[in-house]
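Presented sequentially are two complexes of subunit A, the first with subunit B as partner and the second with subunit C.
Up next, the complex of A and B:
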């Protein structure tokens, strides 16, 4: 461990590689996390199938490459088909559990996650898949740092998507309805907002965002039917750390998580890279608990 | 009255138990002119792809042996038949199904499941019933350190998978005027039993040769990113990079090695074929070394199938959709050949006599030579090392079987 830290001190250029890799991948985490925050905030459903929605999106890119289409084009069908999928899932499953207690919705979305995993396994088999963007790779600092163009592009796409969602929430009628519903669903209903439609739209939008994130993931990392779980956990860590309805917080937490993973992979070894996510979750929860305990009042 | 009511179920139970006990030998392993082998193997779940490769190998060998007159015991010809159950890729299920094969179906001769994990679950059961098993798909070294007497494996054990690359790296270092002990090794292995066995073989061999291990990372099960490990590789400039983490390890490594322009002179990884890295990454996978149990280009030869190339041709003609014949199928077929040889040698169907005959088997096959050690693993066949050269897998080591010379240093971009 100390040897690895010394490497970073002696050759600081490698810090740049770790930072860049972390930021590029963190941007994609931010998308999935923002979707989770949306669903969580508006309908108080903690979606355990978040990572599976991401992986589903990834298979759009993989299928595109099978037909010789550039995987980036898969963004469009992934976004819209996943939107439709989200809508159907809402109507079939989520709408039945939305009024129930926390455990019912957790169980329902966990079940959904299992069904998606096994469905993808049946459809595509258990092999690891990728989608090759075939884009150039840039070397800087004499090849000590490399940056794939696809990573830069995916960062830009993430920024555009995030910006579009923010604009949509601020300016459009549906966006305003979503925000109103998240503030007070009952009041929104009294004001004539069809909250059922708002819920369906929110869940569908989340699925669409995840789908887009999945397309990007499949061009940078690898996908497999059972790889959704780490993505779900990452989304939970980011949202727990940033809080609901705090988009800048989500972005900063997600980028931070990406960088933290790269550093722990370098310093502690690859086996700790994913463990970092879970350790951070525990730390964040402890910190939250500590914060709350300061403001907690005891009713005698 | 009440007493009678209680007695009836007991009577029924003991009768049915008696019936079962009597029925078992009646369904036995050799009926008429058919010898029945049994196997619990993965048709569904995470091992399904390779499980089916193995089944195809078993079936092809059975077909070929039967077509050539079957197994000759006591002047009579017997046909072979295999009873399969799907173990759903779960070791616990493999154990249950073996109990069922042995107790209910009366099978006395077992063909192995797919994977080390399921074979580990099968081994204690066959030991308990003293039923011999010839397996072809469990390479873990730990299978052969427990003193099992009825377990035989035709394949090379897992610690040999990447150890051969150290010898090659050492030879190249000497050729370039350096010492073999100057070789620096970076390695990343998954935490599962198979990959850790591969690692143990490398560590042992590195110690023997005095080579230094500069990176020793453990890859997670849900591996999809190893950029941090590769950044470290760039910083420490090793002479040899080794990766083993099943297909996901091969795919992730091949992708990121290209993406990060890692220029280690020699890179080796397991599961190149099952990860399909050549189809996925094309030229950027060139010059990667991949160990294999078997290759169709080897000059191995035997009675049942002829040469390795003959097997390759027959297999492709029999099963549609195979561009390359997986070694999993080849070694499965070799396991059936071992059974045939053992029956003919024992001239008996007694499990003890057949077991002793298996342990004395010494044959050449299309899959390589087969001779079992005391522990049950095949010690007559080496692992071979292939290098991806212009998208083709060419054997480069050991020298005796090599069809091409190794490209060093690796130049693929």
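Up next, the complex of A and C:
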């Protein structure tokens, strides 16, 4: 461990490599986390199947490579098919748990996560897959730092997608309806907004964003049917740290998480990368609790 | 003697007679008692206190490892034993060494878990509702990962427990009755506990924690004690299960978050959470159906499990016992006011 820290001190250029990798991955985490915050904020459902939706999207890219199609093209079907999938899931499951207590929705989406990961396992097998984009890899700083073109491209796509969603939420009628519903669902209904449709659309939009994020993940990283759980936990870490409805916060927290993971993977070893996510979750929850305890009055 | 005592007596008689009636299924039935213990201890928090934990499996695994370290550490150096060179040592335990080790191991697992629960409750009981569920899920996942990186107990390769000094059939009987005793003790203890003021207090926390706090219940202390109770029995079950299996490793045996960790929740929900008999019934139904159908589902069993959880939480949340209680309230000692209930029916139909 100390050796690895010494390497970072002796050769600062490795820091740049870790930072860049962290930012490229973190941008995708931000997409999934934004979707989670959207669903959480609008219908108060905590979706534990978030990571599974991401992984499901990733398999679109994988299937595309099997047929010799460039995986980037999978973005379009992934987005729209996942949108439909999200709508169906909403109608079958989420709409039934929306009015119930929070644990019901948590457990129902956990069941959904099990179904999706096992379904993917049956369909594609438990091997770790990646969708090879076949793009060049650049090296900067005399070859000490390598950056794949696909990573830069995926960062750009992330930014475009996030910008499009924000614009959609601000300008379109549906986006306005979603924001109105999240502020006060009852008042929105009184104003003639079909909140049921808004909820369905929000969940479907979340699934679509996750699907697109999954395509990007499968091109710059790896996918596997059971890798969804860490993605869900990442999304929770980011949203809990940033707070709901705080888009800049989500982006910063997600990039920070990506970088933190790269650093811990380098310093402590790859097997600690997932443990880092989980420990960060607990730390973030503790930190929030500490913040709350300053305002809460408890009789001791 | 009321009806409940007859049921308990029937279950105990079944438990004692089962290994002689179905000797081929002894391991499965031992597992059934462990499952009942799982569901009961989950329900102490989830059903009775309203703190739905997705990570109670942590105590199962930690108990398993504490017991393993004590059992091995009494005789050999644990690090050497867990290394590949120590493979020959697993069978090298004299009967007295084995049984004192096992006894102390179970005790240490239970006590160690209580200490762990006290420490963890300082962190986790500030979290409410879904945050508690997600936080404990993270706890279970982190525990598995961290133990996998701890080479002293064999890391991700796992560690073999001492081999039972007598023949395998004796071993099966021995652990069968230990499991039965553990489940029975858990049940008896919780049955008593729920009847005391403590039971009422944790029910009050479930119904409205702020109000309970305002009424003078020391909520933090009650929550800690409830988790300690859970952890105590889960530690015992972990120690027993580890010794039954004979080999433990972090992800599949000790911290199986997506199998046993979820079975606990599924069984308690299926039977009806917040009742004493619900988890027992749920565990019995779930485990029996699972053992009968699991192998015929050919890979679809996990999807069936996920679907069961969804259906259970979405459409059948009251569970089997909750449903029965609504259907035949008199059987459960609930007095129904005929005038009131028929009156409401008339109102309903008109």
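Observations, loosely collected:
The rule we apply is simple: the second predicted complex is superposed on the first by the 296 of 300 C-alpha atoms of A that agree within 3 Å, B and C clash if a C-alpha of one lies under 4 Å from a C-alpha of the other, contacts with A are read in each partner's own complex, and residues count from 1 in each chain.
Rule of thumb we're sticking to: a residue touches a chain if its C-beta (ideal position, glycine included) is under 8 Å from a C-beta of that chain, and two chains touch if they have at least 3 such contacts.
Quick caveat: nothing in here was measured; it's all calculated off a predicted structure.
In the overlay built on the shared chain, the residue A:194 is in contact with neither subunit B nor subunit C.
In the superposition on chain A, contact of A:271 is made with both subunit B and subunit C. Look at A:172: by the touch rule set out above, it reaches neither subunit B nor subunit C.
Within the superposed three-chain model, A:282 lies in touch with subunit C and out of touch with subunit B [touch as defined at top]. Using the contact criterion defined above for the overlaid structures, shared-chain residue A:233 touches subunit C, although it does not reach subunit B. In the overlay built on the shared chain, the residue A:104 is in contact with subunit C alone; subunit B does not reach it. In the superposition on chain A, contact of A:291 is made with neither subunit B nor subunit C. When the two structures are aligned on the shared chain, A:143 is found in touch with subunit B, with no touch to subunit C.
Shared contact residues of subunit A, touching subunit B in one structure and subunit C in the other: 229, 269, 271, 274-275. Subunit C meets subunit A in the complex at residues 52, 54, 123, 126-127, 129-131, 133-135, 137-139, 141-142, 145-146, 148-149, 156, 213, 258, 262, 265, 269, 299-300, 302-303, 305-310, 313-315, 317.
Interface residues of subunit A facing subunit C in the complex, by the touch rule stated above, are 46, 48, 93, 96-97, 100-104, 106-108, 110-116, 118-119, 121-122, 229, 233, 236, 240, 269, 271-272, 274-275, 278-279, 281-282, 285-286, 288-289, 292-293, 298-299. Only residues 4, 7, 11, 14, 17-18, 21, 25, 125-130, 132, 137, 139, 143-144, 146, 148, 221-224, 226-227, 229-230, 261-266, 269-271, 273-275 of subunit A touch subunit B when the two sit together in their complex. Residues 45-46, 48-49, 188, 191, 216-220, 222-229, 231-232, 234-236, 247-248, 251-252, 255, 258-261, 263, 274-276, 280-281 of subunit B are the ones that touch subunit A when the two sit in their complex.
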